[in-house]
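Quick one: the structure is below, and I'll ask about it shortly.
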């Protein structure tokens, strides 16, 4: 049975990454996964939050959707005077994922904030934010090395993310909005270049799922992650 | 190698559940998992939020830690004028988990809010909230049936939750605070009575983890969940 | 005419105080006055707010009700983005009452926050907070002396609190919720061990009251305070 | 021993009330008690809050200090994003005091908000707010009667307020700022025209006080209240 | 055609300025332009915001309307938890206008906040705030010079403000509320003593306006400004 | 003397408008004026705010800068819990400008929100928001007509905006960031297709300016506006 957009079950949506899209940010990209478009900007500041040990750096992320990123306009957070709980959850995930690939001692006493602003959302915004956020972060780190601010690249590994899910009892890779809305199970993986897991979040929204289904979904994600890594690498100049 | 509190690697902390602890709530319990104590109160209201289809019910959760639930006092959310992002993330998890076991049509046009307030936290507060929250919710649903408000129990299944993690490269079930602080990998499972997954969240805080490690952690959780289900059942009167 | 719960007009509800209920707080207790249950935790911090003179300490209180402490669930402060004005008023009263019994120079440059969280409320939560808050505060101060942090106990006096009111033109001690709801006049006293007043708040909610009635209500409170002091003393180990 | 401003111990500060100071409010006055100046405006609206029984009215108060009402400028509430807890406490007191003199059934389904804005504060702002608020409220009620909106005056009684305190162990009426800052005991009374109590708030800020001292302070307030009532009456046209 | 209050088209409303109205502020006045009454208080503090260069001072303004300054009562900002966008816009205008007349190096490292609180509003509150704010600011600066805190007056120039508008296709100076509500075009000018522009804001609320109309409105304002300057000068003692 | 980017004094920066950039919004465009990039999305909703007369429509605007739109990262509004006062001021200007060109009766009982989100800011973001906002609004209105929702285009006129300023005593059109930072005078014009003014805002940030200078700046803007109108027209398909 073919998918709404004609893809095979284990096929990613077309991904495009435009590096350096923002003139001011130390690192930036616009990532497009199908109709999901996220602007990722990495900003370097010469101080760290209080909880960070002396001599070490910090990486954090912020995530937000523009009001008309969705099918219906949603109010801005500031109009409701609270950060959307969904955004809070996602930016914590993106932050943890990005920190997993940085050696904080090599980064030194500075912090990098990666802003992920969804210009248009069609499913998979959190995984696109991790994937694009890694590109923006890498570019900012390159710049710090090229400037001579830090002696060597503090990247330990690369990270990428993708979702898989169960829709009509079929396992599908990289759900678009319509699939996501109808999904019985939705699972997101963040993985390193060597295929290890950094983050794993699975939810049975329509029904519970067996341990075997869970394993198959992770395997499907692992397949997608390998393809995404090649695209990230190309965007970073190989 | 034995654990800080002398447990075997696959051993739960002692769990106690006192049902009906609150005189006013339609359902309530105090759950104690080792030194983690969570007060769970289920409140029934005769209206539903706007997004709920007509004729159906809704179940949601709120989670909060008292200021001195921890080793150090933390400020109240209201003093910072924002819901802690960690609390936001946890209460979304608890809410999804509890909704997974309720037939919303049988519940009818009413909503149940399950408040999970951590009186003392020593690791595993989110999983204790799911486990205790299910007991409070069940008691509130029993009451609705006994009152004649609804004709039959709207419970589809039971849910329970537990964590497992990797500490010093050892797989351990049900991490206490010291273990959690030192964990390389932390994974939480919410499962049904028949051993299916409802929620799965794994994080490599210290290092990435292999797919094999992930599988072993889920298996470890499944073992713990079976024991927790027996304790929930007993608290609900068998 | 007997009261709703069978007490005599000048009789307190049964009071129980469990000291040391919280594993982490420097001082804590659970106080139960009839069906009113308040968790009191005293937390010591090694700094003082800006307005405190150098070399002196500070004692403050925070008060909050859990959402289902009442007959009906109430929204959390954070959901409304404002501290309940009633809570603001009560925590100011509790803070002033507790400061009245501490020698701030002997306490030295540290502050103690006494959190009073109402787990279940059935009338008299503010007076229970003062009475239980004093026990938690005393335990924290004992600990500072035992640790050798401060050379001698900074307690000047003890404080306790109770309410009295006029219901159906009868003077009653220690109003429970039903009595409080029907009260024409409600008066709260905070008193020291030697029977002096620290705080006095009287309100004619249903009708104004004469100066003679006011005097009789204070006398009734003084009687109750003497009994409460014996219970506090016992909880503190005599 | 004479007072800082030369008054006798039981002497009020000069009080002036300018009725009708605001062109738009249904009732208004500027009250000056020494150097304490409060603008009181009563606004009528044709709806009541949800908790008010059908067919009845409601009276409430809001209290605020302008930023430079004090010796030092203080930040506006909105800059701190929270209502000052002291203002919250005071406006609850003013609201209860004013409600005590209105027959809500005669008022009918409308609400009156009495805004008390302190233009300059030199001690006794809460009691000036009650005294001036009563004048503004009365004028608004007269207007409703004159307009034919309500058939008869819904005033049950009048209310006035004043403070007394113990400074250097002397009992003084109507404390000004310097006296208030040095007071060992501070007590506020709200009383009706017939000398009954509506509200009573006493605080031992510097030391506890005996029951005899408390009684003497209330007697002192009662003396002041009688004089204030004459001034209110004159402002209302006798 | 005569105006609602009988004025000629190019005639100001009567203006009164009472300097020194507030006992505590370093400079203050009450300005009345017809029925628009604004209390302006200038407060000096011995520190500057972070963005101010070392050795220089800062001048800022805050603007707010009391709840019953208008024909209908409006909620306080704090009740809505946000500064009114209109107030935000106005206080930025007043701040810029006042800064335009101060030599920040002569002022030295201190800041002056000019609070403009509208007690009664009948059109033209923003221009009255600039005009009155200048008087309050000048008085505070005189005081600093007289105290010997600063060696010479840091005033570069004076500033005054007034509105003009098009109502029923007639050009009118200094619109009152009824005229403002019916205006097709509304234009505000802030000018110096030598007739130069500091701020200019024109809005076509009912229709667009030609460049010629715009020029005529500025000329009309210039005429009014000259008269206002004489009144400011008199209030400042000539 | 040539400008920093080589332009003549009366030359606009290159302007590009991509219509229909957002898949979901009823009307949208990305406008680029030099390095200033603003995403404008118009969203239609089938209800109006309470203040709108029955049978009429409403148009409003929201404006925000992404955190890294600037040379330095700025905090999000939600992190500071308040809408930036500058954004509040700008979105009021954009809203008024767009309303000036719509016949609200022809629009009917619906409202259109135009979100202007600055992706990159290099001076002139408010004028780009008006110019781009008009394109997004027009596209949304076309869609309503094409859908048959409304019978005829409710556009009365077109609106465009541009800035001019005085830098080093030279009059320049369309200031970029560096020019804006150094400007002595900054003036923004919003004009209709027939060259009439809708909004005019001029500020002497570095010095006051003469009436003659003001007139010359408006003339300069009028010249720029004519060129911008041609670009808007082309983006809307001629």
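Labels for the chains are A, B, C, D, E and F, by order of writing; each one numbers its residues from 1.
One rule holds for everything that comes next: contacts are C-beta pairs under 8 Å (C-beta built on N, C-alpha and C of every residue); 3 or more make two chains touch, one makes a residue touch a chain.
Owing to the predicted nature of the structure, the values given are computational and were not obtained by experimental measurement.
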Reaching chain E from chain C through chains that touch each other, fewest steps: 2
Pair from A-F, A-B or C-D with over half of its contact pairs in common with D-E: A-F
Rotation, 0 to 180 degrees and nearest 5, that superposes chain D on copy chain E via CA atoms: 180
Higher-contact pair (C-beta pairs counted), A-F versus C-D: C-D
Approximate Å spacing (C-alpha centroids) for the pair chain E, chain F: 27
Cα-centroid distance, chain A relative to chain C, in whole angstrom: 50
Whole-Å gap separating chain B and chain C, where each centre is the average of the chain's CA atoms: 33
Contacts with two or more other chains, residues of chain A listed in rising order: 81-83
Sequence of chains encountered when the ring is traversed from chain D in the direction of chain E: D, E, F, A, B, C
Partner chain E, residues of chain F touching it in the complex: 82-83, 85-86, 88-89, 91-92, 96, 100, 157, 187, 191-192, 194-205, 208-211, 214-215, 218-219, 222
Touch list for chain E against partner chain D, complex: 22-25, 28, 35, 39, 41, 43, 45, 62, 64, 66-71, 73, 76-78, 81-83, 113, 115, 117, 119-120, 122
